[in-house]
Each structure stands twice: as structure tokens, then as C-alpha cells.
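Each of the next two complexes has chain A plus one more chain, namely chain B in the first and chain C in the second.
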Partner chain A sequence: MNYVDFKIPTSLAEARAILTELGDQAMPVAGSTLHVFLRDESPKVGVDISRLGLGEIADAGDHYAIGATTTVADLHAFSAPGWVLNRVAEAFVTQPIRNMATVGGSVVRVFPWSDWPIPLLALDAEFVITGDQERVMSAKDFFARQPFHHLQPGDILTSVRVPKMPANAGFGYFKERRTTTDFSRCTVAACVSIEEGTLADARIAIGAAVPMPIRMGAVEEALKGAKPSAAKIETAVLNGLEGVRWKGLHGISDDYARHLTVVRMVDALQAACDEATAQTGEQK
Partner chain B sequence: MKKIEFTLNGALRQFDIEPDETLIDLLRRIGLTGTKRGCDTGMCGSCAVVMDGRAVNACILFAFQAAGRTIDTIEGVGDFDQPHPLQVAMADAGAVQCGFCTPGIVMTAKALLDEKPDADEEDFRQHLDGNLCRCTGYVKIKEALLSCSANATASGEAS
Partner chain C sequence: MSKRKFKVVNQPLRKIDSLSLALGKPAYVGDLKPADALIIKMLGSPHAHARIKSIDVSAAEAMPGVHAVLYHGNVPRIVHTTAGQGFPEPSPYDTFMFDNKMRFVGDRVAAVAAETEKIALAALKAIQVEYEVLEPVFRIQDAMKDGAPVIHDEPEAKAVIPVPYEPARNMAAKVDMEIGDMEKGLAEADETVDHPFYNHYAQHCPVEPHVSMAWLDREDRIIITTSTQVPFHCRRIVAQTLGIPVQRIRVIKPRIGGGFGAKQEIVLEDVVAMMALRTKRPVYWEYTREEEFVASRTRHPMLMRLRMGAKKDGTITAVGLDATSNTGWNGSQGLTVVCNSGSKMLPLYRCDNIHFLGMAVYTNLPAGGAYRGYGATQAAFAYESAMDELAEKIGMDPLEFRAKNHIKSGETSPVFRALGEGSEGVDQVITSCELARCIKAGAKEIGWRKRKPHTAKKGRYRRGLGMACLMQGSAIPEIDMGAATLKMNEDGSFNLLMGATDLGTGSDTVLAQIAAEQLGTTLDKIIVYSSDTDMTPFDVGAYASSTTYLSGQAVQNVAQKVRKQILKVGADMMDCKVKELTIEDSVVVRKDGSEQVTFSEIALYSMYTANQFQIGDISSKIVHHSPPPFAAHFAEVEVDTLTGQVRVVKYVAAADCGTPIHPKLAEGQVEGAVMNGICYALTEEYLFNDKGRMVNPNFGDYKLYTLSDLPEMKTILVPSYEKTGPYGAKSVAEIGINGPLPAIGNAIYNACGVRLRTGPFTAEKIWRSLQAGGEIPFEEGH
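Our next item is the complex of A and B:
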């Protein structure tokens, strides 16, 4: 990055005023772990947004409100009923990076290998953007294009709302990488709930093997109302791939990216079903 | 150049920095060369320093992000005459060969032990997952670090 100046606001109002004034010249900085991947060499003013009081996780009833500059290390350390993001955090790069990287920074600018959009899509998270007015976006809308394009000058992503997993729900998460620091080749997150032995809800999202993270709507629809069996899951996955554009990263072919993701979709759904079944004490 | 101040190895200090200067550039510019530049992408851990009690990679952190914070480097941990127990343990266990990764490992382990003095093997595995060593392998490093845990000391495992 070509920083020609920096600002260190200490309140949200001050940060918004700075970002509004600077417009496109401003580059918000929190953990700074992704800046090494940015190729923008135009002159920028770094705006440190890590001191705005947005680094806490709050219990907000039916969801957890994660401040946008909460670090991945804090997501990892957090433990509470219906909280599963510690499992995602555990597979996120290395401890120093977990100590620096923030949830906001990890979703505002999506790279092909980004981890966090996938579980947040599967969990139906919402994204709170504070501008002149506060607005809330669904994960599907937020990740429909590069999320930073949703932000006007002066807007800041302030919070991510993650619904609590209900007692009859299960979560499955897989990230394929060769080493701890490696980029993901395929990331899959699944969330299901079981009522009276059938799948009341099934959500699955994939990333890294596709250009932008997506929900797999056809797979979800095929599973809703079904009894959770290995055969049903596999059939739903194999029949629900139409229209997906596969893109292999880091030396793997598009076909192998597809294969890897299909395998891990089945695994993630099965893991989520097993967990939900165990939670409800119901027999498969 | 723009002025910032932060607490460096226990002393509040002021520095003139360039806006795009990384923390490792600043540290090495002022003579604290114990912090090593390895990959320069936050992947190898040789540049690890402790910011506000947590290990971070100084190669990807901008110096201005340190303003108002507390930064600890290997120079503040120990020296040849008064080494930190972690440094002694690393030497005694033969966990040091070329030594390039050692400052980062010591800083990362120190951050863990300061937060959790009875850290166990899993804690060290998790917290040191960003520190690469290309000389010794990791067995002796693990043994050295574990010997400094109150957990190991309590169970008589310390050397």
C-alpha cells in the first residue's frame, strides 16, 4: 500500500467524519493482515479503525453481535451457547494472524480463498453498516458482490449479527489447505436443524473453489423435509450443482476443485446432521 | 515524517515514522535488529513481537498502528547476561541452530505463558502454529517451551 498519511480516530463519529472527508483516498485499517495482498498503489491515507469500541461480542438475545474489529483470536476464545465460530477461527491461518485479523476486515473485501464469508452465509448472518443511517444487509445480499462496494464514503461496517444455533441444530465446517498458512482450496460450511427426525432447515455455503462464496440453494431445497441419511445428502449434493462455475485455486484444476468441494459438501452436511441428531437425541 | 509514541520494551518513546513504514522497518531502523525479517507476508513468524500482550507479525503491521500501544520485542525480554528462562530453555534443549526463527518463537511463547502460565502442549502447538523453523524440526522447540510451563514444573517435567 502507498500510504501518504495516516489518521487514528478514537470514536466512530470521528472515523466517519474522516472517511467522509477523504472519500476514495481513505483506506480503513484494522488488523492490516490483508493489505499485503492489495495491489492498489494509488496514494492512500490509512485510517486506523481499531480503536472505535467495535471489538466486543455481545449477547443480543437471538443472535450474537460481533463488533467489526473483533479479532479472530477473540472469536476463537469466545464460548457460549449456540456459538460455532470458534471452529472456523481455529482453522484460520496462524496465531499471530488470528491476533491481528478482524471479522470486519475478513468480510469487507473478499478474496477467492477467504474463509469467513462461507460460514457467515451458512449461518444467515447479517451485516450492520453505519452511515448517515444504519442499515442491515443479509449475508446473501452482502456477498452478492464485493462487499466494500456497498460502502459509501463515511460508511463503516460496525457489526456482524450471527444467529445463535438452536438446540436442535448442527454445524459442519471444512477447509482444505496443505499447511496451516496455506490458502484454502475449498471451504464448506453447513448448518442444519432437525425436527421430529427430518431436516427442518438445511443451509450450505461454499467458497474458494468458486469465484465468490455462494449458498447452494438447490441442495438446501432438496434436503428440507427429508430424513437425514448419507444417501439423501449425497444425492442432494450431486443433483444441486447446476449453474455453479468452478474455479480451482493455486494449481488445482477446476474439475478437481469441483470434486473436492462435492466431497466436502457431503462431509459438512453429514457432520451437521450428526451433530443435530446428537443434540436432539433423535435416531437417524 | 509524522510523530507517534508508544511504549517500547517498558519505556514510553516517540518516533518519527513514514506513513507506509511497517513496524519491523521502524524497529530495525532504530537498532532493534533482534526482530527478524523472514517472509515479509506474515507467514513465518520470525518477525513476531508482542503488542498489548498478543503476538503479532511486525512485517505486516504498519508502524502507525502501534501508536498508543505497548510493544515488546526480544530486546526487552532478555540478553546474553540475563537471558529469559525461555531463552535458556531453547539453548539447553538444542532448539536453536541458525537462530533466525528463535526471537519470534520466544516472543510468541512468552505471550502465551504470560497469559496462561500453565500452558500445555496443545496450547503451544496452537499458539506456535505461525512460527516456522527450517533447521531443528520442532521436537526440541516443543520440549524447551514446555519445560517453561508451570504445568511442566508442577509435574516435575522441567529439566
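Our next item is the complex of A and C:
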């Protein structure tokens, strides 16, 4: 990166005004960790958005509203009913990067190996963008292409809304890497809820082994209303892979990327079902 | 067993440079950079094999802020080796400061020295080069074919010692040795194995990459401050490469941020010296991580064939090891590394019929060099995997098979004489070996008794136990020389000046402990200075597991001489005979307790009072033995048979390094080497595209363990007493890296029946092997 100036606004309105005025020449800076990977050498004005009061996690009834500049370290430390993102944060690189990287910065530009889009897709999160007007996008729409393309100069992602996991729900998350500091080669997040012994809802998203993170709709459909058995899960996964384009990262073949993801999809769904079953068991 | 109680030696004292390093005081080359230093940047070849048809540096030279541009057209063309080895070097002379032929992606095209890095990088872009692209060759097997592209076709390429060298066939080195009759031994065996193995590329990954700077002093001598393991070889080779006298060069080695063998090479220093001469300004050159991967040195990848035979009773009847290394674009350390594949592993087990064929082959890939383990790592993988396979075939526990056959104290091996460093070796009888106790202690710690065959294991996650036995050497006998100077100051402190090169290992502390023990003083009284070619006596440098054993003896000798001088002055002062005196805690005392003088009083007396002279001396040491350290390594792994992922659950390393002079530092060496080896076994991997460009030259993609990946690890020091070593010490620095590849490989087999013959043991390879029923077809990798 080639910063020629750095602005430190203290309100959202001020930040938006600077960004709108400078257009392409400016760039919001949250945790700034992405700069390691950006090859852009054109002169830029950095606009610090970490002091706009967007760094809190609020209980908003049926969901948690995560301010976009909340750090991954804070997502890690947060604990509340129906909150599972601490598990995702746990597997996110190292503490120094957790301390700096923000949730917003982690979803606005998506790399094949990015962690956060996958659980946020599986959890049906929503993304609040503040521009001239505030607008809300579903995770599916938000990640349908590179999210920064949704943003006009001056637009800021202000909040991510993550529905609370209901008491009868379970979450499964797997990230495959060679070392704790490694990029993922396959990330899977699954979220299910069980009602009276059957799957009332099943959501599963995958990433890293595919060019952009995606929800596995066919797998989800096959599971809804079914009894959560190992055999059922496996069949649903194996029958629900059509149309997926597999891409092996970091020296693994496309073939193996597919195989690994299939195994971990089954694992994640199973873990989620086990957790949901245990939860419903406890309730009784 | 230790022979006596020590006061300073064998104690975990504070590492003498630890506080200043912990406080971040300026210690490393980068800390010492003058503010006005010009920055050097190198233009690397985009082609793996090419000839420069034309090059125009005029636009770069004309850029404001650029002070000099070097390329093959404006520097001396003097053939040499970059290997920092004893003279004449066993590595071929096949390298020039700059050449018009490019031999790997990243090869030196031209260097710029400019006021800033930015200007230097811009100047590199302004250099116009036209290449004639030549056909490259990347694999050992392809490079050896008739009609393969010839990498060193220049007439100057030559060997400077009488060894086979055929650059026209890409053969950089060859050694062939037979003891007894291997074929006959194989025929006598009840069971045999015959398998290929491939050791992959790896880099040393020191935290501090190669970094050097140089300037001219007021007498126009070139002062080079550099991160090197071999300051004296560096001085000699730079003088040779520039065509100037050694006298004009001073090499200073400050603190070093790791070397592991990579810095046993002259990689930057010729260019910084030349730039200092051309610009008359201080110049500074630091490799980027990408350059460190590509243009410094690597572990020699090796293609091996291991044949072995044994009788049902466990007697080994034959061993045959063919080892061919990919030495890359130059032949640095090619001969000696491959010789070590034979000499550092083949004596480990008794056998009358041994054949060893070693070769080093040029390719258009990064160059191999010295790397911790130095050929033994590669051989240990093949040999210790084959030992397991053979044990299974004869129906013996692999631990028992090893225990029955390994060399013991009082025994010798014909391999010691037959294989040296490019020439014949040196006979030696093993005078210290606690390998049997290492095996026992390690087996107990890992729980070997509960080991079951893989066929008895079920379920998705399967655990397995594997082991490997290892040996290395301690210095190169009849070749390596070290020296030390010791002088006394008036407060009873001592300056210890050594050419021995602490590269972060703690050898300054270890050598100071030896001096203090011998003198009868404490560690804090020893002021260590290492190494500076103007100030310290010669030492070959830090390699071949030599520093404690070799330089330690030089230090012990000089301390002995100085101790005698101290006693003599003490006797003069107290008017008695030397034999009536002894030394206790920096005080010379009469044995009857009647009188004493302190070290400080002695120093003051000898400087100012009577019979004045400087208490001090210099000693040199050349070693006649290379007593091997021994080790037994054990790994417990868990394999996910659905994904092929392997996790090291526990790793046990039991090591006999003689007397550990500093037990904590010795443990640190073992643990560091084991971690280094685990990464080599599981995650480290050079990925090249089809043009020979490395595509993962950074720590984001080339994976090393960090402390958070550490498995449960247990280091057990099993001391022996090596009577030829200083206070019973041998060596410990290299041996530990040789274990993980075979021990983990054997454990994977024990877990799930998969035998891997090429590293690294990636999840995908294990998965594919499981799919294939235990083994995938062998392929030479990178």
C-alpha cells in the first residue's frame, strides 16, 4: 500500500464525508491487516474508521448486532446465549492478528481462504451498509460477489447482524490447515435445529476449496425434515454436490479439496446435530 | 556417565548474551547499519536457463541516487565456490560473481547500489536485458540423461581436489565405496528390501535472512560486517573472488539470527565488498524472504535407493545405499553432503557388506548447501524406514532389531576409514555410546510396550508409534582447526577471543564455561569476543557440529596454559612451588591454607610489579576423531484415515551428546532440531511451476510450525563421557533434525499401514496411499 495521507475522523458522518469527497483516492482502514496482501500501489488516503463507535457487540433481541470494527479478539472473548462466533475466532490465525483484524475488514474483501464468510453464511447473518441511506443485505446476496463491489465511495459497512442460535440448535465448524498460522484449504460451517427428533432447519456453507464461499442448498434441502442419522447426512452431502467448482489451494489437488470438504461437511453436520440433540436433551 | 563434579561446566547458567538480546540492544547486522549506507538490490533472472544476449545498464546508472551497477561486463570473472569450507575446497569451482549465463530463476543478473531501496528497485526496472532462453532441466533423473541440457558448459568449471567431476554430464560429484560384497550379502539374507526414497527441498528459514554490509576504512581496507557462520572462509573467498589480497579485508561477525548451515556460504559478501570498492560508500544488502528461499541455499533434495538384507535372527547381511542429490545450479557442498549421507549413517549398524554410491547432479533449480544434518538427514529417512520394513519382514520388533545391531562403545566401523569428506576418512573406535540407554529411556517414555501392528487397528482415527536411531559426527577429523586467545586483565577478568562463531546457538556461553572451569573462575569473569578476522585467531567456523568439541578443546587448551601462568605468578608472589598451589574460585591458594592471592592481585603483579608480562596465550586444535553423538527418537501419531491428516501426538528424543556443557542449551538444540525436523516431515515444501519458479517463497504459504503447533515433546539427555572431548562433550546441534522424517514415517505406517517414501507427509499423500491400499507409485518430487 502507498498511503500519502491518513485521516482520523471521529464520527461516522465525518468519515463518510471524507470518503465521499475523495472517492477512489481514499480507502477505509479498520484493523489494517489486509494491507499485507494488497498489491495496490496507487496513492491512497487512509481513513481510519476504528473510532466511529462501531466496535461494540449489542444484544438486539433475536440477534446480536456486531459493530463492523469489532475486533476478532472481542468476538473471541464474547460469551452469551446463542453465540458461537467465539469458536470461529479461536481458529482465526494468531492472537496478534485477532487483536487487530475486525469483522468488517474480514468480509468486505474476500479471499478464497477467508474464514468469516462461511460461518456468517451458515448463520444467515445480515449486513448493514450505511450510505446515503442505510441498507441491509442478506449474507447470500452480500457474498454473491466480492462484497466491496456493493459499496460506493462513502459507503461503510456499519454492522453485522447475527441471529442468535435457538436453544434447539447446534453449530459445527471445521477449518483445515497445516499449522495454526496457515490459510484454510477447506472451511465448513453448519447450523441445524432439531424439533421432535427431526431436522427443522439445516444450513451449511463451504469455502476455501471453492473460488467463493457458498451455501450448499441441495444438501440443506435434502436434510430438512429428516432424522439426523449419519447415513442420512452422508447421502445428503454426496447427492448435493452438483455444480460445485472445486479448487485446491496451496499445493493440494482439486480432487483432494473436494474429498476433504465432503468429509468435513459430514463432520460439521454431525457435530451440529450432536450439539442440537444434546441441547434438546438438556431441555427436557 | 560424568567422570567428575564440575563447577561451571554442566550447569544451566545464564546465557551470556541473553539479557542484551532480550533488551533489544543493537546486536545484529541490521542494527549496525550506518545511516548513510547505500542499499543494494539484485535483479534476478526470470528464466531458469538462459544466456544474456545483451544487457544495457546505462539508464539505471544515469538515475539520480544510483551509485553503481554491477554485472558480468564490469566485474572480474574469477571462478570459485561459494561453499565456506576448508581450503582447497571439496566443492567444485563453478560460480562467478556475475555471469552471462543464467542457471536458475533468480540468478544474479545485475546489482544496483543506490541511496534508497526505492531508487535501487526503480533502477533494476531500468536495466534492459535480452535473453536467449535455453532448455532447462529440473529433475535429477532428467539431468543425468544423455543429451540433457548442460548447466555448466563454461570452460573454467573444475574440481580443485582430485575427485570425479563431469560438468558435461551435469555430474558435480561422485563417490563410490564398497566394503565386503553387498550382492553376496543380499544373497545370504533370509529377507531383503529394495526401495526408492526421495527427500524434498527445504530451507533453513533463519529469522534473520542473509544480510551483509561493507565500507572502506581510512586505509582503504574493506570492512565487511556480515551474518556468517564462516568469517575466515568468507575473508578468503571474497579476496579470491575480487582478486585482491586477504590482507585488505576484515570480516566481522556480530550476533547472528540463525544460520543452520545457510550461512556457511558466501552469498552476499562478494557483492557488498565490490560495491564498497566501487562506490567508496558504506553499502548494505539484506535478502528478502523470497530471495532467502530462492537464491540462498537449501537442503539438497536426494533420490535414494536403499537395499538391505537380514537373516531371521536379525543379523544384517548387506546394506546398499545409492544417494543422488539435486545440487541445483551450483555444486556447493554437493560432494561432502552426499558423502555424509554415507559416512554419518552407515556406521550405525554392524554389517560386513556395505555399498555406497553417492552423486550430486546439477539442475536449474535453487542450489543445495549445508543444512543441519548435512546429508545424514536424507540418509536417515531411507535407512531408518528400511530398518522398520526389514524388521517386519523377519518378524522382529523394530526396536529389538536396532538394539541388536547398533554400534557400541569399543567398536569401530570400516565406513569411518572408507568415507571421509570427499576423500578417505579416518579410522576411529567409538569411545562413548549410550545409544542403548537412549533407546530404553525413549521407549519407556513413549510407551513402546503398548505398540500393536497396524493390522490390529480399527476406526477412523488410528494411532501409531514409530522410532528411529541416529548418529552424526563432531567436527571433521584431520581437517577442521579452531583456535582461541585468552588474556588476563587486572581485575581478574579474561578476554576470550575466538574465531568460533556463535550463530545464536549459545556457543559463546558454552566456550566461556569451558574456559572458566579450566581457569577456576566464574562465567561472569569471561569476556567473550567472537569472531573478527582482524582480532580473533582462526577457526573454520560453525559447521559440522564442531564448535563445542573442536573450538571447545582449543579453549580448554589455552585456558590450561593460562592457568599454568597464573599459578607460576602465584608461586612467585607467595615464594613457594607451583605444586603447593591450587585454584579455588578465582583465588590461588596454598593447599595447606596458609596463604592466598586473588586473580586480580596476580594480574596486577604481573603487569606492574615484577617479572612483568601479559598473562595470556593462544592455542590451536585440530581434531583426530569425530566422536558421534547418538540418539533414539520416538513419535506417536494419529492419522485420520478419512482425510489422511496426521497429527504428532507426542515426540520423544533421547540424545547422547557426551557431557552437556550447558544442559539447557543442549536441550534447546535438541528441541529446536526436532521441531525443525517435524516441519520438514509434515509441512515444508517447495512448490515450483513448470518454468522452475518457486511459487510459495513466503511464510504464508511455506509452512513452519510455531510454538502453538508444538506437540507434546520430551527431551531426554543421556550423557556419556567422551574422553577426547572437552570435559567429556561431543556435539548435539545437528543430530536432532534427522529423526522426525523416519520416526513419523514409521509411526504413520504403524497407525494405518501406509508407507511413504517421499516427503513431506501431506494429508493428500496419505489419503491417496490409503486409497491405493498402502502405497502410491514412487515419483521423484521437488
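Here is the rule we go by: the second predicted complex is superposed on the first by the 281 of 284 C-alpha atoms of A that agree within 3 Å, B and C clash if a C-alpha of one lies under 4 Å from a C-alpha of the other, contacts with A are read in each partner's own complex, and residues count from 1 in each chain.
The criterion applied here is as follows: a residue touches a chain if its C-beta (ideal position, glycine included) is under 8 Å from a C-beta of that chain, and two chains touch if they have at least 3 such contacts.
Predicted model, so just to flag it, every value in this text is computed and none were measured.
Novice: Looking at chain A, does chain C or chain B touch more of its residues?
Specialist: The larger set of chain A residues in touch belongs to B.
Novice: Tell me which partner A:Thr94 touches in the superposition: chain B (first), chain C (second), both or neither.
Specialist: It touches chain B and chain C both.
Novice: For A:Ser32, is the partner it touches chain B (first), chain C (second), both, or none of the two (neither)?
Specialist: first
Novice: Which holds for A:His259: it touches chain B only (first), chain C only (second), both, or neither?
Specialist: second
Novice: Figure out whether A:Ala73 sits in contact with chain B (first) or chain C (second), or with both, or with neither.
Specialist: A:Ala73 sits against chain B, while chain C stays out of touch.
Novice: Between chain B (first) and chain C (second), which does A:Glu134 come into contact with in this model arrangement: first, second, both, or neither?
Specialist: After superposition on chain A, A:Glu134 lies in contact with neither partner.
Novice: Determine, under the contact definition given at the top, whether A:Gly46 touches first (chain B), second (chain C), both, or neither.
Specialist: The answer is first: A:Gly46 touches chain B but not chain C.
Novice: Where does A:Val4 make contact in the superposed view: on chain B (first), on chain C (second), on both, or on neither?
Specialist: first
Novice: Touching A:Thr181 in the superposition: chain B (first), chain C (second), both, neither?
Specialist: both
Novice: Under the contact rule defined above, give the chain A residues that sit at the interface with chain B and also at the interface with chain C.
Specialist: Common interface on chain A, chain B vs chain C: 94, 180-181.
Novice: Using the touch rule from the top, collect the residues of chain A that touch chain B in their complex.
Specialist: 1-6, 8, 29, 32-33, 35-36, 45-46, 48, 50-51, 73, 90, 93-97, 99-100, 180-181
Novice: Given the complex with chain C, which residues does chain A contribute to the contact?
Specialist: 94, 176, 178-183, 250-253, 256, 259-260, 263-264
Novice: Considering only the defined contacts, which chain C positions touch chain A in the complex?
Specialist: Checking each residue of chain C against chain A gives 642-643, 645, 682-683, 685, 687, 696, 699-701, 703-706, 708-709, 762-764, 767-768.
Novice: For chain B, which residues are in contact with chain A within the complex?
Specialist: The touching residues are 2, 19-20, 40-43, 45, 48, 51, 54-57, 60-62, 64-65, 67-68, 108, 126-131.
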